[in-house]
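As structure tokens, the structure follows; a few thoughts come after it.
Each chain gets a letter, A, B, C and D, in the order it is written, and its residues are counted from 1.
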């Protein structure tokens, strides 16, 4: 199993029946593959559909039905079309149960940076700032480190996405819960030791009393 | 009643240097033939307000490539490296706005509100020098309304009154932008006789629409 | 012809093809009777329909299609249903061409009072404050005096509806245009002299150079 | 998925002293069976936020008559003399709010904005002691957001996901209130199997709705 699939499978376990969930472009979008179609979960794409379904069979694509990355999707029974004001009304208004987003950095206070690398790469925040500000639960799904550099750091050097403390960090090495008192390591990936996690983490980690191995969907 | 006009005729109505609100999300729900006509007429110096710039060769990306845009107010340019390159080279002045704030600022402009009070962006670079207003002990950014000289939007169905209905994820910014353009030009997939679109299906009342683009032949 | 019909017929002459017009409850609602059905005028009821039509034949009423007073109406071809946020978005956002409202008082500065008689009658402002603030043109349609007391006064003694100067006052005696320099009498009702108008008016009136007799639709 | 419940069961969920957002305009688009059930269970001490109180014996007027309401936030009580009498007698504490400001304040509450900046009410009694905010040289009243413990709304069609569609002038405050109730109870004319309402016809996504009232027998 590659790192991305592992992360997606672990995040999928956070998703429960009846939830409204927004999945970011890229890695987070893989999570849907590991949530059973009959689980009663509604996926929102911020571009305007609640009840996002799988990619359609070839020849059955609709140019007016895509995910936030522009890829073709389907609509599940009971889906609803919404415009961008309603879409972000739901997000900002606290009606979204969970958002799963990629990250460039998360710091010891659980603050996310994911929209800009000054002078290098400026994709823009898109919906990320609203999502992190408004969703009931914010899950960051990302590789633990990038080119050997930790992405979990004492203080973000990149511009923040929000002051809000995210609820959960899921990486290819670990599951970490940011708390008022710092980052708590709750799970390690199969075959990964606490020392290996610590070696690739740029912020102090407290060990959870029930620290355990990651279970996957 | 509005007689439908050709995309070239519509493009000729739009002077260089205008502020254009352009609908679409990664090219889905953008007025593609109107965009082509703007490129064909060699439009210059436009300020474009749009969720994103799609990708090179597609939707608003064509306006980027053709050098139509000098200023851009948008939430995400991550999938159009050309926009990023022109921004870094100083050819396009880019203002990045969180997606939810962007659509809500346009709505405020369209419905006569003085701005929006949003938690999104607080404590980030988006806050910049903007006023922070406290309401009942909570802090909010005051973000100003946005209006356009023109709103260039796409719709699924129109009638000759100008009523518009939209399809699935092609709603996005279109119904909101229809409120905020001094002149509104709509490019529908189909134009129906008056009385055929049920009143409950109309999402943009015809009174907001100034010109319809005729159907593709 | 009774006073109300006279007022309604005169106001009807202000309404031109292509306009979006809101008619208040009571006297103003009579105006629609004197605008030809094929005039291309759309009437808005603030409770949620654009394209209000005449009262339906008996037995063809729809409980979900009423005017702002709760009376049954029909919808013309090309009508659109809108919710209250859109309805007042159109009003406040300057998309409404004209509103015709009743009045309790109008003063020398053209300011309207029409929602409260302290201690006696407090109907509430309903949509009136938004209508007077936002409509492109505000027409007050009312009896010239009430129980012998002038309703056009030097300064409103009743609570104001808005600081905005209304555009036109139409009564059973006269047509008056409020200007920066005060009230200008432009028309008198058939058989009514300037002196009779002045006798029933509590604010100074300037005579228009082209002062003439009221023409009716 | 939401199982439909009887009006009495819904009324039993609503404790005395709650803040209720109730849809409808002069009784059109109000949840009539739910209102009857509240009266039947002898509800007391409610704060009601609604456009109007209809008339005695109809819609919200029944709650006035039955003494259910102690506080009322509304735009118009002109057609219900009983509400006016109870206000003057001090039995109901009434806050009058311009209709456009009322719906927009509820929307702000529902979509997570800190309030609205509106020109409506400036210089009138509505301004009272409210903050006035200047944006680019124009003055606006800051009006606070409104939320409810419950939103009690009517709809035309529902499905068991909770998706709602509305009819003609029965939209009014319902789609906006659906955003702003901590618990949302919807009384539809009809409940359809999931997948039957087209996504583009849904105006309130089911994720906002907590309970459906079963059809009348």
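Criterion: a residue touches a chain if its C-beta (ideal position, glycine included) is under 8 Å from a C-beta of that chain, and two chains touch if they have at least 3 such contacts.
Quick caveat: nothing in here was measured; it's all calculated off a predicted structure.
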item	value
Chain whose average C-alpha position is farthest from chain C's own	A
Length of the line joining the C-alpha centres of chain B and chain C, rounded to whole Å	35
Computed distance of Cα centres, chain D from chain C, in Å	28
Of all residues in chain D, the ones touching two or more other chains	104, 107, 111-113, 118-119, 156, 166-168, 199-200
Overlap residues in chain A, where contacts from two or more other chains coincide	49, 75, 81-82, 85, 88, 92, 134
Touching chain combinations (by label order)	A-B, A-D, B-C, B-D, C-D
Residues of chain B that touch chain C when the two form their complex	1, 107, 110-113, 159-161, 163, 179, 194-195, 199-200, 202, 205-208
For the chain D and chain B complex, residues of the former touching the latter	104, 108, 111-119, 133, 135-136, 138, 140, 142, 144-145, 156, 165-168, 199-201
Chain D-touching residues of chain C, taken from the complex the two chains share	45-49, 62-66, 68-70, 75, 81-85, 87-88, 91-92, 116, 121-130, 133-134, 159-163
Chain B contact footprint on chain C (complex, rising order)	20, 40, 42, 49-51, 75, 77-82, 85-86, 88-90, 92-95, 134
In the complex with chain A, residue positions of chain B that touch it	25-29, 51-52, 54-55, 74-79, 84, 87-88, 94, 96, 98-101, 103-104, 107, 118-126, 156, 166-176, 203
